[in-house]
Every structure is written in structure tokens, then in C-alpha cells.
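Same chain, two partners: chain A is paired with chain B first, then with chain C.
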Partner chain A sequence: MRKLLSLLLVLALAFSLVACAGGTAPAATEAPAADAAATEAPAEATGEGITLGVISPNTGALAVYGAAVTTAVDLAVSEINASGGILGQQVTVINTDDQFDPAETLNAFNSLVSQGVGLIVGSVTSGCTSAITSAANEEGVVLLTPSATADSITTANDYVFRACYADSFQGAIAAYYAKEAGYADVGVVYCAADTYSKGLYDSFAAAAATYGLNIKAVESTASLDVQDYTNQFASMASSGVQFVYAPYYYDVIGPYIVTQARAAGYTGIIMGADGYDGTPDYVVEGADLTAFNNVYWTNHYDPTDTDPMVQSFVAAYQAMFNSTPNAISALAYDAVYMYKLAIEKAGSADPAAVRDALADPSTTFSGVTGTFAFNSETGTPSKGAVILSFASDGTSVTTKLVDVIKELK
Partner chain B sequence: MIKNRTAQGYLLNTVVIAVLLIGFAFFKGALGGGGEFKLIIVPSIWQCCYLIILAASLNLSLGFLGQLSLGHCGFMAVGAYAAALLSLAAERAGVFEDKSGTAFLLVLAGCIIAAGILAAIVGLLVGIPALRLKGDYLAIITLGFGMIIVNIINNLPFAGQEGLALGSASASLYKNGLGFGTALKVTYIWVAIAVTLVCLVMMFMFVRSKYGRAIRAIRDDEIAASASGINTSYYKTFTFAYSAFFAGVAGALYACANATLSTSSFAFANGGILNSTFVVVMVVLGGMGSLTGSIVAAVIMFLVNYQIKNGVWVQHLPAWLQNIFSFPMLVYAVILIIVIMFRPKGIFGSYELSLRNFFSDIKLQRQNRLAQKLESKEALRNG
Partner chain C sequence: MSTFLQTLFVGLRLGSIYALVALGYTMVYGIIRLINFAHGDFIMVGGYTMIFTIPVMVALGLPGWASVFIAILVCAAVGMSTELVAYRPVRKKGTAMTALITAIAVSLLLENLAQAIPQIGPNPKVASQIFIAGGVKIANVTLDWTTMLTIGISVVVMIGLYQFTQKTRIGRAMRCVSEDKSASILMGINVNRTIVTTFAIGSSLSAIAALMYIAQYPKVYTTMGAMLGLKAFVAAVLGGIGIIPGAMFGGFVIGLVESFTTSYVSSSMADAFVFLILIIVLIIKPAGILGKNIGEKV
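Then we have the complex of A and B:
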């Protein structure tokens, strides 16, 4: 009797935890909802129908990105299926979770390939994606990552493509912006332990040298989950720079970096990259949100862009999930349509044929994040970026579009 | 007929392991070495192998010595990076060309042993100051050391981001050095199994030796042990380093199996199954003081983690169950709570599964339980 009672208690506890997780983390609950929707259709990898595999961090530190990818893929696939599918075949999706860990990413990849999936969207972060690029080439599986920006991801990898620009471009845009805005002395705070942060720092430094900017102060943190940046920004303030490049992810920008930088006496511009996407949901209630003025970042697209393609995507996403899509969503949505274009061009969903169609420079793709074709050598698209800034009246943080840069001069 | 019971046990274990390996070889032949076998079963065996070594090695210091260490993955990171860098250096020096032949196997063996030794040295350096503390304080200081080790590796110019973790460099570990791709993992599966068996034999021999008896005495009562003439600080430091050695070997296998290294995999806050807390969970789940328990728990935790995330059968479950399964950490927590509630000692307690004594142990346990029941009935009737 006692055993039965405690078992029931455990189960009740488990369910209440699920309920709590659903209540407090709205982004995280979208992932399972999308999972369920996607798996309602029979997931047949062979025979009729085309199966797309998705690898994303649905749990763990970057769960917001996982939800962004699974929802956008869900939206794109349901649109495609409603309009008759690809080559008359319905598309099904298999979602897998990489937990933001390279070893788990490899497991997810192997599991998808063993189910006969030949076309994969994923993974989201550079660190995880780099764990499976070689395996994708060995198995002959097309890997189209929505948002892994590290330069090294697609170098000389036949089967690996990405929907986003590479870090060498993204860091250069930030340096370009600093030059245009007239800052000669700049500082950098970055994370030495992360592929993304370090890659952006390298490309920013290279571009700064080209544009004649002087990097006056460099500080680093040892991991991405550090919660105190006061010393780094105090050093920036004392060196007198008015422009600091800080490539981090939203989960530290919102709660820690910006407010601590202002508290440490740094008043100049904080410039970031696409990892800042999602920051307004992560600011601390009650903190002085005017700190977020003067924070700029580069991104792949902006939901307020008046381009009709962007507007129809934002409207469709809002109708389906009741929230504004972020850049990762836009890129994942584009990735699915890139597969559609390539499969139609190749005439089949055979991975090798799709690979050739994607790599063909004449395959011009026009989507939410711009019009572009792949560079056949690097598998990286040539595309532009937007520069955004945060604006705050003290009670909430909003994002506004500053500039759209199509190419660097 | 062999009269010596120890020899009987050795013979039985050898026969069973040989039968299992032959069965595996047949199984491999029957499946043709492709598809699911190559992509799921073999990588799973590799991962089980390093998790088993890791959990069993932590059991030496947590279960047998009674010192809680929360930085075990730090030693694993040392081993992984040491093995990977050594193998890359060996390839650059031209010792081996492609991943085959005697030269490569020798390099591989050398890398694995060197990884263990380096991790043991780091373990010794950590252990000398850390083991002056006890209980919670020791847990905190080992936690700190685990983080320090990972951060140092991060900032080494030849090992951190610049060296190995970047995409191109991880691809280079895939092509060069000791990283195994999908096909090579099948070819060299015997390496993982052999290393695991050797490590387990070494650990079993250790806990049954004079050292094992000494550290169990220290665990049960440190003052009594030192009063009986046991040099407690020597035995504690030695065991800590010995357990770090095997964590380093597990790291070397990790580098082989994943062909990519990133320090975030060994960090304390890693979201996956591989972090220092999780290894402690495996040991507690299996039973502190039971190496066979650690083996079983490592395999169970791996399978649970793998299956609820990647198992095909999950797609056929009702939607509400899938929603729970999309939070793997929740499922582990529930399993842990249930096990600790009904078996606070862990699955095996301090019992070692033994093939030789398996049936007699079960019989003995049943008799014990019957006797207990009778006793409690008697007590009820009398009182």
C-alpha cells in the first residue's frame, strides 16, 4: 500500500513538473507540440513520400532555438503539403533532439540515417554541426544547417550546406558598421571556449585590420554560461573605447551582459551578432532596461521588413504559433524551401542528386532571408544582412531595424 | 573437475565472455555489418564502453573509498585531449599513414595508456590538497577542480578552440588521428571491448586486493582504520589517482568514438548524459560499492537516454507520452526517484554480480527473506 502510494506521488510530481515547464517556458512547449503534429502523419522513410530529418537542441541551454527550428519546419512542411507536396509526394518530418551536445548530435544523426533519411535540416549551433559534417559526407547524406555560421562548417565538405552567411561575413559587417559610424578604437569581449563566439571574434579582428580599426582592448570569458561580466566591461570602460564587440547568445545578453556593462561604467555601443536574437524575452524584470539602448546586432532578417515574402511568412507563422518568428525560424523555413527547390530541380529526393542540385550555382533561391545561390566550393550562400538595435523606454525592450547591408564595400 | 573456487570463477567468466563475443561475431555476420548495425548498435556499444569505464572508475572513489568527487569528467577531458593530441602528433611525425596496420594500433594503445597516465597525474595533483577535506567540502572542491581543468584546456593554445573543437579541426580528428568514422567504428569495435574488459579486470583486482580492503576500511571508519595502521592519506590519494587513470582511458575512448572534441561536452553544465553529476547518478543508481552495479547502471542510463530521444518506437506512443519524453532529463529524474525510494542502496547495493555464485546467492537471499518474514510474524504474534 505504501509502495503504491509513493508511486502515485512520484507520477503526480512528474506530471506537475511537466505542467510547470509548460507554463513558465512558452518557447519550450512549442517543440513537443510540433513533434506531435509532425509525427501524426506516418513516418515512412521509404516508398511514397519524402522524409526530412531535423536535428535541433529541443532541450538544454538553447531550447529556444530548437523550438524556433521545429515550428518553422512544421509551418513550411504543412504549407508544402497543403499545396500538393514536392513532386506530388507528401513530406513528413522526423524531429530529433541534440541537447546542445556534440555526442548527442552524432547519435541523433545516426538514428535519422538508419531510418533511411537522406535529407537533414540541422543542427542549429556551430559546435554541434561540426560534429556531424564528416559523418554526413561519409554516409552521403545532405546536411543543410539553418544557422551554423562558423566558417569551418562547410569548407571542402561535399554534402554540407547552410542557409545562413558565415561568420567571416557577419564579423566583417560589425567591423564595417564600426568604421561607418566613425569609431577608430574598438574593444572585444568574447568567449574563448565557443566555436561561435571565437569564430566571430576572429573574423571581426581580421575585418578590423582591413578597415583600419584599432582593437584597443580584448577580454575573454572561459565559458558560455558565465554570469558575471563586470570585470571585462570595467576594463573596457577604463580603456576608453566606445564600441565593444560582444558575440554571445541571448541567454547571457538579456540577464547579465548589458546591465552589468552599464553598471561597470561602460556607456558606449555594444555590438553583437545573430545570437542576440530572442534577447527581449530574457531581460530581467525590474532591471533598468534603458541599459539596452545603444545595443546593436547583426541578423539574417527582420520581421518588420516590408518585403512581401517576409510579411507573408511572419503572418503565417503568427497565425499558426501566435508569436513572432526569429531569424533561426526564418532560416529553417528557408532551408525547407531550399530542399523543395533542389528536389524539384533534381527530379528526385535521392541525396546525391539533391546535393548536385544545391551545389549548382545556377540554382537561385529566393526566400525570406533574401535571394541567393550557393557558392559551389564552400556551400555557403552569398547574401546580405540586417543591422538591428534594441530600444527601451525603461519597461520593455523592442527591436528596431537600423540598416540593411547587401554587400560589403 | 577443478576444485579451486577462484579458478572455477575465472574459467566461467572467460567462457561466458568468449561465448558472448562469438555470438556478437555471428550477429555481425548475420546483419551484414550495414544499416542499423553500423549506425546504431556499434556506436551504442562504443558509448556504453566509455560510460561503463567512467562509472566504474568513479565507483572506486565514491563507492569503495567513500569520497564524493564531482569533477570526474574533468579527468575524462584530460584523457580525451591527451589521446587526441598525441595521435595527431604521431600522424604528423609520420608514424602511421591511414588508420590501419600495426603502427596505428601501437599508437592507439600508446595514446590510451598515456591518456590514463596523464589523467592519473592530474588526479594526484588534485587529490593531494583535495583529500584533506571531507564530505560536502570535498564535493565542492572537486567540482571546482573539474571546472578549472576544463577551462585550462579551453585556453591552451594547442587544445582549446584553436586546436581541436573548431569544425575543421574536429573534421581533422575524423580524418586524422584516432577519431573513428562510422565504418572504422565497426572495424575497431574490438578495441573498445578489449579496453573495457582490461579496465574492469584491473578495477576488480584492485578492490579485491589489500588496497581494496584498506579503502573499504577507510570508508567505514577512518579513525578506526588509521588506528589499525592504515596510512589513510596514502590510500586515499592513491585511489583517487587510480580512479582518475580510468577516467582518462574513458576519455580516450570518447575521442575515438565521437571523432570530435569540444570542452563543453565535459563541462559541469553539459545538457547531455555526459556530465560529472550524471556519472555520480550512475554510480548511486547501480549501487555504491558494486562495480557490476555501475556497469548495469551505465548501460541502463545510456539506453534510457538514447531510446527516449532516438528510438523509433517512441513515434508510435500516444502524444502525451511523447511530450513527456521530449524532456529526457525529467524521465531520468523520475527513474532516480523511484529507485532511491524503493532501493535506497541502488540497484545492486554493495552486492557484486557473480556468475559462479549467481544461483546460490539467489537461494541465500530467498532464505534470508523468508527468515525475516517469519521473524516479523513471530514478533507480531508476541508483541
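Then we have the complex of A and C:
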């Protein structure tokens, strides 16, 4: 009996090992260029070389974002290495997977620190990034997240920075847009258990108060695993609002929320945030996709922007990976170049020196997602946003640019 | 009025899915007294089988739902091999507890194995439309055709299972095995074959449940069976685990509680209420709503 139990435990351990190996395999295959860079580096490097750590959800529900980050970092690093590296040193990348799980994020962070990495790009989501911010400050490791928008991620004088704007701005743009479009009464449906969704709701509500909007109806869901949103949107419809702010991710918006909201009788605007990026790949083929008309969202950049920097990034990304980069890719790409700028300014890749260079308000960075400097208090750039919408002829969903907002009035 | 109807219909929609999944739990438990925690993941297996075979069916000129027959075969194969590879050796040597732990291990194994297959991977997949959208409109609120179909299928499955266990030779053998394994062997029943058959039927039910699930909630991902399985298990326990009509009853209770909590109490409290109801019912009636209180036979 006891023997059997121990045998079972051994088996369970073996299973979990197999499972882990399986989980990380896709991440490894996604980064061939980075691996190539890693093997070439010692031959060309004049110094010790600079190592960047990457933490992203390469497996799990948000694996699209993980792939977006690892590919863009690959592209940026191979460009940098091809043009002589940073301060004459080649850059190598160590990819780690956080599985969209805060506990795994901390494991990934610890593994990078134990390998001596002092500069990290990651993680992608607010929930995961908030799990490692205090560890980063304690260890003196610079954390530059491409896309964690929750306000609480960065505090004054710390080692945490972000390439994106914060939720207090992102939620405010949505409220600003509602005001400009003439909606006095608005509703909100959000996930009470998710840092990102809850953070956006809070900032939307704060901005709505400033703009004199009346939040007439608020409904929430208990987790991101909820599959039925009909009751929530039926309540929106019966309250008579024509504008609902619904900050969720693409894997909920595409298959569930939009079609269910329309079936529940809600016909007005559904507005979201950068989590809607990727939705057109997650819609139900054969269903009536006209439901996706009247859906708006805020994002960091628009791939059809005619700015030469955007166009050369999109072209290089397409040449390397054969797909159009999403906003997370653009932000991760910018994050790598921000490190390059800061290291060159600091004259070394020492984490403390790089931190000071990043925090210096005179370090102005010009990249794919705009030209900006970090606010030295919050480690958050001041930059504009784009407003996009979905358009559908009934059989497919496309994205189109509605407006570019540089600052809020 | 329309809010009430809407809530009722959403409750029926969720409940019909829970009921169908709970039938699978209760059938296996009723016969071999094993809580098959991997049942939720069999649904995931069925879901992915359909994601990959629906385009094939459509190309052959058949309706998309015809792929459920392939899913039934795949799920039955997975269920039977789980029994042969994992449960049977453990049952031979261990206790009910080791079997239970093995069931949890199989569940995690299936979820992680699925993710390791490159064609499945970590990204969720979205199924195409399976049945006609829309339904019957009552006071401006739509009751989906899919919901009615799911309820209909649940009733048919429930009656079918009950008749099967009461009337057929294999069904009777299953009930014998459940009552007393050693006596069944003496009566000339092939116990192992009976248990494998039970798993084949139980897993086929998960393929049907998968069809109805993705027809209403078209997102398929490797951990989709986890919460769904847990709630269906709660439904089976609530109705009285091992009792076939109880599973269906429990499924609808859970679905309706979830939906009415969302509309009338607090939308973020739905899950909390489901489990609260479970605790209350189990305190009052430990054997479940339709269960009879009988002492464990020694």
C-alpha cells in the first residue's frame, strides 16, 4: 500500500515533468533567431555581452501575447546585433514563460535573476507583472513591461517602467470618447477578479465623473472563466444605455461577449481597451458577425499608420514572421530599443545605471508607438492612443482606425 | 417580466450543459463508485476532436454536428484506455482514495498533454457555428434552439441510461458489479469487461456534452473541462450522486441558481452562491436532493 502510494507520487512527478517540458517547448521553437544570436554572440562580442531577460505568457490562455513579445524582441535584438550591438557588445536573450500565472511569473523572474540577468522585458499582463514588481525593486533588477497597464505597477523611484500608457489614461480615453460622441448615460461590464479589467473600470469611472458622464448601470463577472454574459448585457439593455465599457481580453470578446450582448437585445456601442487586440481571429465562423459592428477599442498603435518608423517595423516584422505585428509586439519592440538608448546613455548595462538613465526625463525615446520620455515619478510614458473599431460585412471582421488622440482635453 | 424570462432562459442554457455533463459523472460513479475527475477533460478531448473534424465533415457535404460521431469514438477510446492504463492497475492494488488521486492525475495529464500537441497548443480555438442560431421568441426574449436541443438530448440520455441499466444484460451486470464485485465474479460476470464498457459509455456521453457545449459556448481550450467538470460534479452530488435523474435535476438547479444570482443578487457572486447552496443542501440532506440516506454497507 505504502509502496504503491510512493510509486504514484513518483509517477505524478514524472507526469508533471513531461507536462512542463511540453509547456515550454513552443516558446523555445518561437525564438530561433534569439537562439542563433545567443550562439554567435561570444565570437563577435568585444565585451562580456549584454543579456536581456524576457518574461511572457508563452503558453496558457494569452499565448498570443507571449508569441507577440518573443517575436518582436527577436526582431529588435537581431537588428541591433546586425548593426554592431549596444556599446559594441552583442545582445543575447533568455526567454521565460509565465503561463499567465502570477506564481509562475515569480518563478520565471527568479530563474532569470539566478542566471545573472539585470534587465528584463516583461511581463505582459498587469496581474502577472504585479507579482514581481517588489522582487525587482529588492533585487535591483530593471523591469520594463511592454504592456502592463494597471496604475499600481509602477511607483515613484523604483526599478519598474513600462512602454505603454497606464490604465488611468486608457480608461480616460474611453470616457473622453463617450463624452465626445455625446453619450451622457453609460454602462460598465467588467471582471471583478482581474487586475486589468478592474483597473480599467476604476479609471473609466474616475474619468467619467470628471467629464460629467452618468454611469447608469454596472455589472461584473466573478472570473475570466465565465462563459455567459447574457444577463449582464440584458441588464444594460433594460437600463437604456447606448454605450457600455467592457474591458476584457480577446478570447472572451470574440466567442462570447459581443454575440451574447446582441442576442440579449443590447444594440449600442461596446467599448474596450487594448485587450481587444486579436479579436478577429477569435470570432465564430458561420455566425452572424454583423454583431461586431459598433464595437470600439483603444490601442497603442495602428499598423496602417503611414509614419515611416511604423512602416519599416511592420515590413521587417512581416518579412521575418509572415504576419502583421499587433500592439503588444510594437511595444515589446520599443522596449528593447528603450533599453538600447538607456544603456548607451548610461555607458554600461549595470542595472542601477540603466534605471537612472531610463528615469531621467531628458531621455526622449522615439519609437513605433510614439515619441515620449518617462514621467520620472511614475515610470510611465506620456503618449497618445488610437481608437479603433471593428467592421463586419457579416462573414468576417476587420479593424479600422477611427481616431488618434494625442492628449485629453 | 422580460428580465425574469431572460434569466430563466440563461439558467436553462447553463443548466442543460451541466445536466448533460453531470450524467457522465453520475453514471460512472453509480457503477464503479469512482468519481472520475477526468470526465471534464474528456469533454475537452471531444471538443478538440470536433474542432479538427468539423471542417472535414463540411467538406464531405455532411452537417458539422456529424463530427460528434468521430468524437464519440475518440472519447470512448480515451476513456477505455484511461481505465486500462491508469485506473485498473491502481484499483487492483490500492484503495478508493488512490483511485481518486489517480483520477485527478489523469485530469492534469490530459490537460497538459493536449497543450503539448503542436496542433492544439496553448491558444484557445473557436468553433464555427454548429446549429442554426436563434430560437423561439417569448415576450421579446429568445430561447435558443440549441438550449432546447440540449434539454431534449439530456432527457433522452437520462431515460436511455436508466432503461439501459435496468433492462439490458450489460446494464444488469453493471449494477451487480456496483453492488458486490466478488459476488459478480461468482455469478459469471466478467467484471473487468463490464467496467471497461461503463467507461466507454461514460466517455461517449462526454463527447455529446462537448457538442452541446461548443454549440453554445464556442471557445475550446485545454483547461475548459476544469471548472465545467467541477460544477457538473457539484450538480451530480447535489442531485444525489449515482442517481441518474438526480444528475439532471442537480444540473438545472445549479444553472438556475447561477443565472438568478447574476441577475438579482450580484453578478460577481454567482459561483459563490452555487457552492453555498451545495453546502446547505449537503448539511440538510447529505445524500443529495434525490438521494436516500442509507448507511454504508460493510
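To be clear about the criterion, the second predicted complex is superposed on the first by the 361 of 409 C-alpha atoms of A that agree within 3 Å, B and C clash if a C-alpha of one lies under 4 Å from a C-alpha of the other, contacts with A are read in each partner's own complex, and residues count from 1 in each chain.
Simple rule for what comes next: a contact is a pair of C-beta atoms (placed from the backbone, for glycine too) under 8 Å apart; a residue touches a chain by one contact, two chains touch by 3 or more.
Just so you know, these numbers come straight off a predicted model, no measurement behind them.
Student: With the two complexes superposed on chain A, say which partner A:126 touches: chain B (first), chain C (second), both, or neither.
Tutor: After superposing on A, A:126 lies in contact with chain B but is clear of chain C.
Student: Looking at the overlay, does A:388 come into contact with chain B only (first), chain C only (second), both, or neither?
Tutor: neither
Student: Check whether A:235 is in contact with chain B, with chain C, with both or with neither, and answer first, second, both or neither.
Tutor: In the superposition, A:235 contacts chain C only.
Student: Pick one for A:59: touches chain B only (first), chain C only (second), both, or neither.
Tutor: Once the two structures are laid over each other on A, A:59 reaches both partners.
Student: Should A:223 be classified as contacting the first partner (chain B), the second (chain C), both, or neither?
Tutor: both
Student: If we overlay the two complexes on their shared chain A, which of chain B and chain C does A:113 touch? Say first, second, both or neither.
Tutor: First partner only.
Student: Of the partners chain B and chain C, which touch A:153 in the superposed model: first, second, both, neither?
Tutor: Touch status of A:153: first partner only.
Student: If we overlay the two complexes on their shared chain A, which of chain B and chain C does A:269 touch? Say first, second, both or neither.
Tutor: Neither partner.
Student: State whether A:284 touches chain B only (first), chain C only (second), both chains, or neither.
Tutor: second
Student: If I apply the document's touch criterion, which positions on chain A are contacted by chain B in one structure and by chain C in the other?
Tutor: Looking at chain A, the two contact sets intersect at 11, 18, 21, 58-61, 192-193, 222-223, 225.
Student: For a test of understanding, state which residues of chain A touch chain C in their complex under the given definition.
Tutor: On the chain A side, the touching residues are 1, 4-5, 8, 11-12, 15-16, 18-23, 25-26, 58-61, 63-64, 192-193, 219-223, 225-228, 230-232, 234-235, 238, 251, 254-256, 263-265, 282-288.
Student: Please name which positions on chain B make contact with chain A in the complex.
Tutor: 35-36, 39-40, 43, 47, 150-151, 154-155, 160-162, 165-171, 174-175, 181-183, 254, 257-260, 262-265, 267, 269-274, 306, 309-310, 312, 315, 319, 322-324, 326-330, 333-334, 337-338, 341-342
Student: Help me check something: in the complex, which residues belonging to chain A touch chain B?
Tutor: 3, 6-7, 10-11, 13-14, 17-18, 21, 31-33, 35-36, 39-40, 43, 57-61, 94, 96-97, 99-104, 106-108, 110-111, 113-115, 126-127, 129-131, 133-135, 138-139, 150-153, 155, 157, 192-195, 198-199, 222-225
Student: Going by the contact rule set out above, which residues of chain C touch chain A in the complex?
Tutor: Going by the criterion above, the answer is residues 2-3, 6-7, 10, 13-14, 90, 93-95, 98, 101-102, 105, 108-109, 112-113, 115-116, 118, 121-124, 126-129, 133, 140-142, 217-219, 221, 227, 259, 262-263, 266-272.
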